Each structure stands twice: as structure tokens, then as C-alpha cells.
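Each structure below appears as C-alpha cells.
Common to both upcoming complexes is chain A, partnered first by chain B, then by chain C.
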Partner chain A sequence: MKWDWSAVADFMPHFWDGLLVTLQILVIGSVISFVLGLVWALLMRAPSRWVTWPVGVITEFIRNTPLLVQLFFLFYVMPEWGLTFSALTTGVVGIGLHYSTYTMQVYRAGIEAVPVGQWEAATALNLPLRRTWSAVILPQAIRRVVPALGNYVIAMLKDTPILMAITVLEMLGEAQLFAREHFQFTEPLTVIGVAFIVISYLASLALRALERRLVH
Partner chain B sequence: MTSGLWELVVRGIWTTVQLLVFSALLGAAVAFVVGIARTHQSRTVRFLASFYTTVFRGTSALIMIFWIYFVLPLSFGWQLVPMWAATLALGLTYGAYGSEIVRGAIAAVDPAQREGGIALSFTPWQRMRLILLPQAVPEMIPPFSNLLIELLKGTALVSLMGMGDLAFSGNLVRLALQESAEIYTYVLLIYFVIAFLLTRLMRGLEKKLKAGVGKEPRAGVAATRQPEATGVGGVS
Partner chain C sequence: MSTDTIPNPEKDASASAGELIRLDQVTKRFGSNTVLDHLDFSVDAGKHVTLIGPSGSGKTTILRLLMTLLKPDEGTITVDGQQLFPASDKQVREVRKKIGMVFQQFNLFPNMTVLRNITEAPVTVLGMSKDEAVERAKGLLDLVGLADKCDAHPAQLSGGQQQRVAIARALAMRPQVLLLDEVTSALDPELVAGVLDVLRDIARSTDITMLCVTHEMNFARDISDQVLMFDLGRIIESGPPEKIFSDPELDRTREFLSAVL
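Presenting the complex of A and B:
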């Protein structure tokens, strides 16, 4: 086992670049998955089967197939249809879409956990449907699901390296590029491996603190 | 698509299925060993087991695969056959997730059962084998079923290392035909069918195991991965 600290030093500037891209993917991907997941969850409550059935099938399909192949699909098929986006945009949309099929389940559980009395009170006060959702149901439902959503953010963090497959230079992409150029695989790959463990550990500590604050 | 290309896809399916079976077996072994170790009396054993879970759940499966493919041969001189390298990477990572399921299910068995075992002066191992596990295992099946789907999705990652699995054969066909919509749709559909069959299989297994301890399977279990409390090795 040979470990070369100078290779680590050489890799560090690339590491920070990669970390920045990873965090970008994570933040924008999370926002997409939170918004889209809520849209799916609300559509699943629509009164018509013509809405719930297609939404159910599509989200089930996305949830049960590999993100990697979905990214290939978006990356290679969309240009054929005349839609060209950068690799980063494609990747962020792909990962956000994939995780929205998980967050929709979280929202569903949160909405179902709102006591029936709240619905009845909204009816008794003659609130329109829009106000019932925006002022009564969702504020309570979303507060409940924040910790579960946070867990999916951490899960998403660990899926961001997949975006290297469509040429996005996030942490793993940077590490691989550096490894190929300098023929030093051990140091960059170990550095990012340790970085992932540290980041997800810190994130889960932060999440636990947040959970405690929400309970009180 | 010509028949030659279909043959390529079929060979890809076969590799994916093989990899899935091997890494599921390794993952299950790791999950039970680590999960049971986390209920051990000795502090040291518990610490080592939770350290393992923290490290392997904290990192990404894809980075693990890269590490085993590139760093292991260079630094330690261990060159593994691609299939075994992939099995090792996936089994160790997903086994760490599984160990949380095992630990949780054992902890959820009614404490009176454990106390009954102590009163009858069973040894700890007899308690585990004869009282706790037979009741805990059926409860593990639904979360294991979700984890198995995650593992199936994880097997696609090995195509990035040039292993000829289903996703890889999809890429080859795309290069051969210069056309991607059709082949990727097929590949996604095949993954979906495999996932569906796995869910059915696990549902049947759950029914059988629950009948063995006189319980009904829970109706309408949501087929989703539990949002795993990632990173920190739980509070034990």
C-alpha cells in the first residue's frame, strides 16, 4: 500500500470544484423532488380515476427502474426529440424526478396523518377547497414530514455520483478525471469516499437536531 | 432490432440476474451477521458492528464499486474477477442497510418473549435462534423486499465498469443502431418487470413465513423504501 500525500494535495482543487457541483445538484435536485413530489401526491388525491391511474403507473415505473438508465434515456433520447440541455441540467432534472416518486409517498403519509377533525372544521367554516389545502392541511402535513424528506436528501446525496455517467463533473467525475490524467487512483477515490462518509454523517446529525426542534 | 442484438440483451439480463442473486445472498449474510452483532452483550462487538454500518451506509454504492475495481488491485494487489468485485461492493453496501432492518425487527419482538427465554434458561444463542429470529424474520420481509428493489437498481451501476449487464447491453445496442428511444424504453421495461416479479416473490414468501408463526400478512403494504435514517448508525 503506497499513499502519496502530494497527490492528495494536487487533487484538492479539483475536489472543491467537484464538491461545489455535487452540492448544486443536491440543492436543485431536492427542490425539484419536493415540489414535484407534492404535485404527484395531490394528483393522487384527485377524484377521477383518469388522473390517479396514469400518475400511479408512471411514478411506480420511475421508482422501480434504475436512475442510471433513466439518465441515459434523458441524456440520449431528448436530443433526438430536439430538446438539448446541458449534462448538468439533464442530471439534475433526472435525479429530481426520480426522488419525487419517493417524496410523494412521504407527503401522502403526512396528509393522511392530519386528523379528520381538521377537514371537518374547514368544512364547517365554509373554507373554499384552495384555502383548506393551503391554510389548514398542508401546513400541518408538511411540518410532520420534514425529517422523512431530510432522509431522502441524504439518500439523494449518495446517488449524485451516478451523474458522472452522463459526463457531469461532480466529485466522482473529478476524481476519475484526475486519476486518468495522473494515473493515481488510490488517493482521489479514497478522498471522495471519506468525504461522502463525513458529509452524510454530518447531515444526519443536523437532521436529528432539526427533528428534535420540530418535536418541541 | 435484429436477433443478434436481442441475444446481447438476453445475455445482459442473465448477468444482471446472476449479480442480483449473488449480491442479495452476500447482502443477506452481512445483514444478519451485523444486525445480530448489534444486539450482542459485548460493547466492543456492538461498537464494531455499528461502525461498519455507519461507514458502509455513509458512502455511495458507486464509489464503493470504483474503489474495489481500481484501488484494491493497485494498492493491495488483489485483482478480483469483475463479477466478484461487483458482488462484493453491492453485497457489503446493501448488507449494511439490511443490518438496520434485522436489528429493528429483533428489537421489535415482544420483550416478554425474550424474558420467557431467560426464565427457561436458554443460552443467548438459543434465545436468538429458537425464539427471537423465527418471530422477527417474517416482519423483515416487507422492508427487505424494498431493499431488494433498490439492489436491483444498484446492479445497473456495474455497467459503468464495463460489466456486460442489462444497462450495458442497452448502451451497446444504442451504439450499434444510433437510435436510443426504443432500446432504453425496452431496458427500463425489463427492469420494471424484474422488479415486479421480485415484489410478487417476496409477497409470497412473507405469506408463507407469517403462516408459520400464525399471523396474517399486513394488507396493502406500501412498496416503498423506508427513508433510512442514513449515516449515523442508529441509537442502540
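Presenting the complex of A and C:
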């Protein structure tokens, strides 16, 4: 086996395309999972069982079935119902939805960790429920959960290649395409491997910086 | 025994010092444990009433019922002529406006500065302008001796300082009633005096009604118009502090006082 720098150079244009797609999946998927996870967590605290029961069942189902199956379902079954989206859109929504069922548990733990005295002080000051959530409870809860949410961003990054299965050309997809056309596997796979490590590392640095800012 | 009629030493009682708080036959249970047992009592406006008694005797529960943090199982509670239980959410919010509470554990909002802790509720609940709320908050911080701590976060303050901020926060809502729930129990001993001095000052200089659960008997003696001795969910003895602390009627009260003094 011989390392061929010219293969690396040939792959780079494809790599940049793949990197851009991977980052899109990661950023938009994270935002979806953060927002939707919070929505699930708040709905699970609704007083009515007519809300908590369906939300509980749906999220439990999504969390306990494979992401790959969900992506196939979204990509191949939804169009039969007349709902057609691009592979990338489907993939981003699918991965964001999947991870939202994990982040909801992170939020739940964060919300429950806010001392009951905070709720009592808010009641004693007559703060409306909405304001209690937005000004008192959530700022404290979210501060606590940033590290845990960060771990899911890294986990999501490592799951982005699964989107290859629904024809999304992210980094691994580009690498595989290149490898098959040129019969050179080592160089493209090595390049994206390094890229995954670099993105993970940069993401963890960014999260640590965010954590520090939130603590002070 | 009946504690309905708390004697009013002032001559002109009718105009300003009417009955502000009234509990009728209030019962509160936690599981099979009856914390308050058909309790009756009332407090006149402007009075300072101290609740003493062994832990678990229901003192704190009364404050928490008045603050609507708990609901009674039986009985009615009236504040300033408005019924608190049973009542609609809207009525409850109206009544809450009249009441402020200071907690044993301070319960300041750690994500806000000292100033914002105090201005948050006046702005969002009372609709006060931000400038006015800030001005008043600064005045209150001055009152509790922390004028220089506006921009600090609670975690940067000592327990005593946090509790003084919590007092300022409660007063910022201009309550008619201030509920003080063992406000010095969580403090290091050397910080207790500072908090009690602030409360003495407030008791002396305002006409705010105070209900105070405390184990600081000297403080209770100083500020109280009336002392209520609790045991097993009932008021077993009540009277002016000179009477209760020096010459209680019941052996139970005497035992309790000799244990804490």
C-alpha cells in the first residue's frame, strides 16, 4: 500500500463539498434537536395526560428504533403519502428528530435539578408561570445541561455518515464515491477520518468556551 | 383554646388596624400526619406576630399556606377581606400581591444580579417602569446595607448578605404582610445579627404586618406584639412577649422555652 499525495489533491474538491454538507447536517440537526428536545421536555410537564401520554409514546418510540430505519421511513415511505423532500432536508430533520428524544431527557434532568425553592420564590413574588419559566427556571436549567448537550453534538457528528444511506453526499459519501471511481480508498478515508477528529475537537473547544461563559 | 381575639393595645384600633389575616378551622395533613388541626387565628394589620414551638408543630406550614405554596385540606383563609381558599387563580394572584415571603434558604435567583433579583417582579408583575424599579431597588439595598452590591451575583455574597437581598426583594413588592420563615436558621452565627438588625429596623420604621417563625427568642421578644406557642398543630398558648417569655401559663411552653433559651 502506497500513500499517494496526488490522490489527496484530487479528492480535496470533493472533500470540501462533503465537509460543507456534514457541517450543515450537524449545525441544523443540532438546532432542531435542541429546540425540539426542549419542546418535548416542556410538553412532558403539561398537567394533562392527554398531552404527556402521546408525547411519551412517540418520543420513546423514536429513541428506541434505529436512526437508519427512521431515515429510510422518512425518505422512502413519506413520498408515498405525497410528502417529498430532498435527501438532505429529510436527513437533517430525521437526525434532529432522533436526537431530540435524547436531548429532551437532558433538559428534563436539568429542569428537575433546579431547586424547588426557586419555584417557591417565583410564586412568592407572584411571577406569572410563563415568566417563571423564561426568566428563572430555564436559564438555570440550560446552564446545567450545556455539557450534556455538547456530548450529543459530538455523537450526532459521528452519526452523520448514516445519511449516506439515503443518498446524502456528506464526507463519507464523497469519499466512497471518489474511492470507487479511482480505486483509491486509503487517501479519501484518511482525510475524512482526520476531518472528523478535527471537527470534534473544535466543537468540544467551542462548548467548553460556552460553558465557561455561562458559569460566570 | 380560642385565639380569635388578639387583644389590641392601641386605642384607635378601628381605623387603621383592622383584621388583616384570618384562618378558620384550617386543617392540613401530609399523608396520615396532621400538621395543622382545625386551627383558628387572626392577625390585625400592622402587628408583628411570632410563631414559636417545636419543629413539626405547624408554624412554617401556616406561612406556606398564606403564601399559597400549599393548600389546606379543610377550612378557609382570608387576607384583607379576600378569600384565599377556595379561590380562582386570578383571586389567588390578587391576594399574593399583598404578601411577601423571606425563606430560610434565601432562594435568590442565581442567574440574575442582585439588582435584577429585586426589580424583576416589580417590573413584570406590578408593571413598574424599569427606571422606577431600579431607583426603588437601590433605596432598598441601602436600607439593608448593601448599596454597593447592585451588580454582584448571589453566589458572590455571604449567606447574611443574600438574606438581606431577599428581604429587599420581598419589600420591593410593597406587601402588606411579610412572612419570615426561619430567616436566620441557615446562617453562620456571626451573620445572624446583621439580618436581625435589618428586620428590627423594618419592624420599627414601617407599618408592615409581620408573621415570623423563628428560634431567635431575643429577637422575638423585641419585635413581637403577640407570640403564639404551637404544639402538635395547635396554638396552645398566646400572649404578649413579656407574658409568654417570662411567665407562661403552660408547662409545655415553659419546657420549650427552657430548651431553646
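By definition in this document, the second predicted complex is superposed on the first by the 204 of 216 C-alpha atoms of A that agree within 3 Å, B and C clash if a C-alpha of one lies under 4 Å from a C-alpha of the other, contacts with A are read in each partner's own complex, and residues count from 1 in each chain.
In this section, a contact is a pair of C-beta atoms (placed from the backbone, for glycine too) under 8 Å apart; a residue touches a chain by one contact, two chains touch by 3 or more.
What you are looking at is a predicted structure, and each value in this text was computed from that prediction instead of being measured.
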Inset, instruction - Could you tell me if A:Leu125 is touching chain B, chain C, both of them or neither one (first, second, both, neither)? - result: second
Inset, instruction - Check the residue A:Met12 against both partner chains and state whether it touches chain B (first), chain C (second), both, or neither. - result: neither
Inset, instruction - Go through the superposed model and pick first if A:Pro161 touches only chain B, second if only chain C, both, or neither. - result: first
Inset, instruction - Look at A:Gln140 in the shared chain and tell me whether it touches chain B only, chain C only, both, or neither; answer first, second, both or neither. - result: second
Inset, instruction - Quick one: classify A:Gly117 as touching chain B (first), chain C (second), both or neither. - result: second
Inset, instruction - Please work out whether A:Ala179 is in contact with chain B alone, chain C alone, both, or neither, and reply first, second, both or neither. - result: first
Legend entry - Partner with the higher number of touched chain A residues, chain C or chain B: B
Inset, instruction - Show which residues of chain A both chain B and chain C reach, each in its own complex. - result: none
Legend entry - Residue ranges of chain A in contact with chain B within the complex: 1-2, 60-61, 63-70, 72-73, 76-77, 80-81, 102, 105-106, 148-149, 151-152, 154-155, 157-162, 164-165, 172, 175-176, 179, 185-186, 189-190, 192-193, 196-198, 200-201, 203-205, 207-208
Legend entry - Interfacial residue positions of chain B with respect to chain A in the complex: 54-55, 57-64, 66-67, 70-71, 74-76, 149, 152-157, 159-160, 167, 170-171, 174, 179-181, 184-185, 187-188, 191-192, 195-196, 222-225, 227-232
Inset, instruction - State the interface residues of chain A toward chain C in the complex, per the touch definition above. - result: 115, 117-118, 120-121, 123-128, 131, 135-136, 139-140, 143
Inset, instruction - Provide the residue numbers of chain C that touch chain A in the complex, in ascending order. - result: 67-69, 93, 96-97, 99-101, 103, 105, 107-112, 120-121, 124-125, 169-170, 173
